[in-house]
Amino acid sequence: MAFLDIRDLHLAMRTFEGEAHVLNGINLSVERGEIWGLVGETGCGKSLTGLSISRLVPSPPGRYLRGEIRFAGQDLLATPEDGMRRLRGGHIGMIFQDPTTNLNPAFRIGEQMVDVALHADAVDPAILGLAPGASRRQRRVEARRLAIAMLDKVGVPDAARRIDDYPHQFSGGMRQRVLIAMALIGKPELLIADEPTTALDVSVQAQILRLIHSLVLEYQLAVLLITHNLGVVAQLCTHVAVMYAGNIIESGPVRPVFRNPTHPYTRALMKAVPHATHRRGELQGLPGSVPNLFTPPPGCRLAPRCPVAQPRCAERVPPTIAVSPGHDVACVLATPAGSAAA
Amino acid sequence: MSASATPDARASAVAARRQNWRRAAYRFQQSWLSIVGLAIVVLLFVAAVAGPSLVPYPADIAGGINTATRFEAPSIAHLFGTNELGQDVFTLVIAGARISLLSGVAVVVLGALAGTIVGALAGYYGGWTDEILMRIADLKLTLPSLILAMAVAAALGAGLVNTIIAIALTWWPGYARLVRGEVIAKKEELFVQVAQALGAGTGRILRRHILPNIVSPIIVKMSLDMGFAILTVASLGFIGIGVKPPTPEWGSLLSIARNYMPDYWWTAMFPGLAIFLAVFGFNLLGDGLRDVLDPRARR
Amino acid sequence: MFNLTRRQSLTGATALVASAAMGGRAAHAQAKRILVIASNQDIPNFDPHIATGYSASMLLRNTYDSLVRTEGTPPKPVPQLAASWTASADGTEYVFKLDPAARFHDGTPVTAEAVRYSFNRLLRLNKGNAWMVAGIVDENSVQPVDAATVKIRLVKPFAAFLQVLPWLWIVNPKAVDANKGSDDGQTYLRSTIAGSGAWRVRRAEAGNLYEFERVEGGWQQGGGNLTGAIWKIVRETSTQRLMVGRGEAHIAVDLTSEDMDALKGRPGVVSIIEPEYRTFSIKMNTRHGPLADINLRRAVSWAFNYQAMLDAAGYAQLMTGPLPDGILGFDPTLAVPRMNLDKAKEFLAKSDYAKGGIKLVMNYVSGLDQQRRWGLVLLDSLRKLGIELDIKPMIWPDMVASARSPETCPDFFPVYQTANYGDPDNIAFAAYHSSRNGGWQNPVYSSPKVDDLIIRARSETDEAKRKELYVAFQKAVVEDAPDIFGVLEKRKLAMRSDVQNFHFTPVASNAIELFPLSLK
Amino acid sequence: MLRFAVRRIVLLVPVIVGLSLLIFAIARLLPGDPVTLAAGPNATQAEIADLAREFGLDQPLPVQYWHYATGLVTGDWGQSIFTRRPVLEDLKAYLPATLELVVVAMVLAIVIGIPAGLLAAVYRDRWPDYVSRVVSLGAISMPRFFLGLLLQLGLAMWLGWLPLGGRFPLTEDPPPFVTGFLTIDSLWAGDPHAFGVALAYLALPAFATCLSPLATITRMMRATTLEVLQQDYVLTERALGLSQRLIIFKYVLKNAMSSTLTVIGLYFGWLLGGTVLVETVFDWPGIGLYATKAIVTQDFMPVMGVTLTIGVLFVAVNLVVDLLYGLLNPKVRYE
């Protein structure tokens, strides 16, 4: 079993209009040291997948219909909130999109980092490495030392002084570094990064990506990088999974997938890359928009927009087929590995 | 979108609006508190409109007395008992709904009107006009409105109209601020600029183009203010600076009846409860409406 | 008992509440014997020659002395500063022998000169109670004979002279002269006592309370055991009633009939419901507006629902004409209007307003609930004549201002007249003599015939002849129908049973005299 | 921070001048003839004219305002035309009672309202939320004078636990004046009995006064907490495993407080003028009762004095709130 293993995950969200099936049978396996890029349009369910791993989807309105998420063998959907809390911060770190809104503006960054470190230490005393009888004060001092070290590591200059600054005193890139430091202070094994660079300048983006890359190498992290930017995936990731309307429709190691995109949606996505701005719902070469999730079409969810759709596409969900080792595609037109020549 | 003129798009816009209304109505129904509020307010309006023809002793409303039946405890004949002049308390309380509702509406409408004019002028002209009007409004907000209203009402003399004027005079700054903000925002919008370019006069632009567009926040505020306006009218009545007898205003009924507590509790209890219910009803309704109409407040 | 540590007091705050607030205070008051009187009237001015109203009277009669006091039912003059007095046969000259022991609070003796000084100051300022002796006493009337003897020569005879003396207080000339300022000491006396009374003001919190304490070494002998007293301003009569019921106050002076009913049978509470010379009538504007028509006035008088007025008043009796029952010269056989719609309509038909259809105005003092009730009774009565009534609450000063001229005077002007002295002249002169026109007691009514009767009655010294004159006066007034003669409300006081030695007197009985009172 | 504070304080000057001008204008625009009223029932035309001269009411309006304004600065706030007492002295006597009432009520409202609002938000759409919403709307709708009467009826008349009204037992001397707050003065004097008594007298009026700010603070706190709970940083904090308690009571609370603080400031000022009704019901000797009496007799100077005092206090309280806001909100402080 993989380090992170998501099997047939179904998530429904209740809204005014009814219950929407937002995740529709996600399958994903991530090992330590792998950097997975999870790509797709806004609303395809990639962020919810990330949140599901940390069990941060509020319930209600969220409801898991089926499936399981296993993290280091532990079934997360069956883990009580208390147990989840021990995993968060300590074993699973998360970074979110907008560094300007993800740091609490009313507190010095040190304050927030120290609290995270103390929490991580409560889960795993090795984090601070203090004896069990250490006083609160000692722990705080040590946690602060660790926080400074962490800031230093992610490249915040003059960390010992800046730890007492407020978030608004940092630039966007620096704030994202602070958030990364905060996410990694508990030495997690899995890092979920939800669009970590989207809100940043291109040059800063590259720095952050490089930082993540170096940290992966150092800590043997498993990373789930959620993004809509295929360029980022190409730069950083080892693997990629393409999502559409709650399904992973194509996944595999970056190189084969990018070199040989098989699913019509992936192809459309690849064509869109040069255009930095693409409006929601209007993907290059794909007319129409993301399907209604309340009453999804019975077959392939892309069928109504698909340029190469066939009658059978609308009848049943296409099976997932491995077009090459590890490269899976959910399309009736895909041909299994080995039969391609035929 | 360039397609806004096509029949298709218009139909979908209509559908979207209908959808919005349905959604609003749904949300409103979801909140049973709002329904209770609506029910109370409807009841109040019924009492206000049809009250005099519903009550058992309509003569008492205009000051009819019957000193042979003073201070009778609640009974079938007198649901809320009788007061110091033998008047039927139930009759007076029901008749009071008209007074309270009327004065509440009048205060809010007058306040909104004055505030709208001030706010619109300040927002539209900007500069010194804006500065002076808004400074006055700000200063006005720092003054104790109840004391001010009391002073003005006392100086003008007793009577419902004077009371309403006195309260409305302290009521406008809130609206002035609201309207000014909206006018400044709307002034920059394209349709106003176009009208200006076409040479429309100031009054016309304000009247025809800007004000109609800011009616809905004003109405939301008015609905939220109703309860408080009723409460203020009753407060003045309670202090004894309010209506003239025999007007059956709740606050003054309570003020008089206060002297008969606790022995003749019914004379005080029912007018007091009526004030509470009326204000509560409007507050529930206003709260519900705001939740529905103001998406930011809805969570 | 209260020797608690701070911590105990904090944790035990709730437990303390009941015992501390109630029992503790009671015990405290017992030791000091402080009488608490609840009243709704403030005492804005302490000047004995300016201040009026029963609350000021209470303060003044306790902190100042006058030549004579009043006591009993019917009220009789008894010695105070004057130990004895004589009057000449024609009733124009009085000689008073002052009590040699009398001392002002600063120790100066009360002399004949002080009497002269006080009378002249009263006349000079011409405010307060000066009207009581207006035209009777002038600046040369008071003549010191020696330090302890003073002679007062009246300008003309005044039968009620001794009755008004209790309300004319003697100030300490030395103290006033030292603080005379430019206003004859008005500023000084407004908040300072310069008298010889048995009490002084210990604490004055305007609008809240006035505390009195017994003057140490005061010249008065005897009296009750009180060490102090508090005049507490309590606006709501129901609150006054509750305070007496709970023992938080010993006497409440402004109770309504409903309050008295509620207190009935309450242990520890004594109710005093006594007739008093306080009239209430609704004056009509005889000079301006529709009511200048005598037939309309008569129609109104006959249409008025007297029974309802009486019902709404509670402990009261209807007036028979302008004078209160039982006073000298009162005519119980006088024929006065009582509700009779046929008769009322008859008069209405004779008036210029045979069809009704007019709207009249009545002002009343806002906050005086009885007046409001009677206003509603009038409204209800007038409706039967097809006449509407606009009832306007007003503050008292505005009422007074409206009385200044017939044009500003409302159609109906309700007014209480409290007798300060037990003589018919008090009400007859104040309320019906045309010289008082423009004042609140008699805004507009004027009749040469009535004027003549009043003046003759006032200086007549033969009692039988006086009575005759007053009978004629009553008949003449009723004939003119200037008022709706209303009710004599009974004086309603509630008192804790531990208050001792209280004797009711029908004049200014709510201006409690502290001196004789004791607390058990 | 200091510069910020100084600048704000300097800005108060024109505000106070504006306030005095506005109050003066309102007082002079109102109908009514204070001089005739003051002169009394038997005054002659000459006496009325004298009185007008004495009060300076015969001067042109700008001159009158100048006298009024200079008087304000030199401590002459005019005098009541009826009692002839200096307004400033009356205010000194009555203001502490109102302040004590308002401060105690506000403290109650804050201490209860903030946790209540926080809990309502955390338990959104569950019973604590419903209860707090209905109760707080009910409390806002409750006329304070009616509530006061009911409290008197229940706790004072029927149960007899608490005094009906007033501020201190009549026959006892209040503790020596230090702050004018009887609760503090009695503790200062080391008199626990007087403290208990003062509390007993304070209980009902303070409760009646606190309900409406309590309800408003609860509602405001609920709304802002809900807003804060939606913020990204709360998600981050949860995602990094911080406990719900730590998040709510430390990280959310401080953020939600800063918006609620503004409401608290506004309410404090509003209450100063809004205690009129409670003071009337409970016979609480504060400026509200003082103003009411002056209004009923159309006595201008006390009304102007009270209005100005409340206006200035309102501005001052909001200044303090602004400064506190800076403390809670580092962004403001450093700009």
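Going by the order they are written in, the chains are A, B, C and D; count residues from 1 in each one.
Here, contacts are C-beta pairs under 8 Å (C-beta built on N, C-alpha and C of every residue); 3 or more make two chains touch, one makes a residue touch a chain.
All of these numbers come straight from a predicted model, not from anything done at the bench.
Student: Based on CA centres, what chain would you say lies at the far end from subunit D?
Tutor: A
Student: Centre of all protein Cα atoms: which chain's centre is nearest to it?
Tutor: Given all protein C-alpha atoms shown, the central chain works out to be D.
Student: Measuring from the mean C-alpha position of subunit C to the mean C-alpha position of subunit D, what distance in angstrom results?
Tutor: 39
Student: Counting only Cα atoms for the centres, state how far subunit A is from subunit B in Å.
Tutor: 52
Student: Centroid of subunit B to centroid of subunit D, CA atoms only: how many Å?
Tutor: That gives a centre separation of 25 Å.
Student: Provide the C-alpha centroid distance between subunit A and subunit C, rounded to the nearest whole angstrom.
Tutor: Computed value for the inter-centroid distance: 90 Å.
Student: Quick one: which residues in subunit D touch 2 or more of the other chains?
Tutor: 157, 280, 296, 298, in rising order.
Student: Could you say which residues in subunit C touch two or more other chains, in rising order?
Tutor: Residues 366-367, 395 of subunit C each touch two or more of the other chains.
Student: Residue numbers in subunit B touching 2 or more other chains?
Tutor: 154, 240-241, 258, 261
Student: Give every residue of subunit D touching subunit C within the complex, in rising order.
Tutor: Residues 33, 36-37, 40-42, 82-85, 90, 93, 156-157, 160-165, 169-173, 187, 190, 192-193, 195-197, 199-201, 203, 280, 283, 285, 289-290, 293, 296-298 of subunit D touch subunit C in their complex.
Student: For subunit D, which residues count as touching subunit A in their complex?
Tutor: Going by the criterion above, the answer is residues 231-243, 246, 250-251, 254-255, 258, 328-331, 334.
Student: Inside the complex, what are the residues of subunit D that reach subunit B?
Tutor: Touching subunit B from subunit D are residues 15, 18-19, 22-23, 26, 30-32, 124, 133-134, 137-138, 140-143, 145-146, 149-150, 152-153, 157-158, 223, 226-227, 230, 269-270, 272-274, 276-277, 280, 288, 291-292, 295-296, 298, 303, 306-307, 310-311, 314-315.
Student: Going by the contact rule at the top, pick out the subunit B residues touching subunit D in the complex.
Tutor: Those in contact with subunit D are residues 33, 135-136, 139-140, 142-148, 150-152, 154-156, 227, 231, 234-235, 238-241, 251, 254, 258, 261-262, 265, 268, 272, 275-276, 279-280, 283-284, 287, 297, 299.
Student: Would you tell me which residues of subunit B are touching subunit C in their complex?
Tutor: 62-65, 67-68, 70-71, 84-86, 154, 157-159, 240-241, 244-246, 256, 258-261, 263-264
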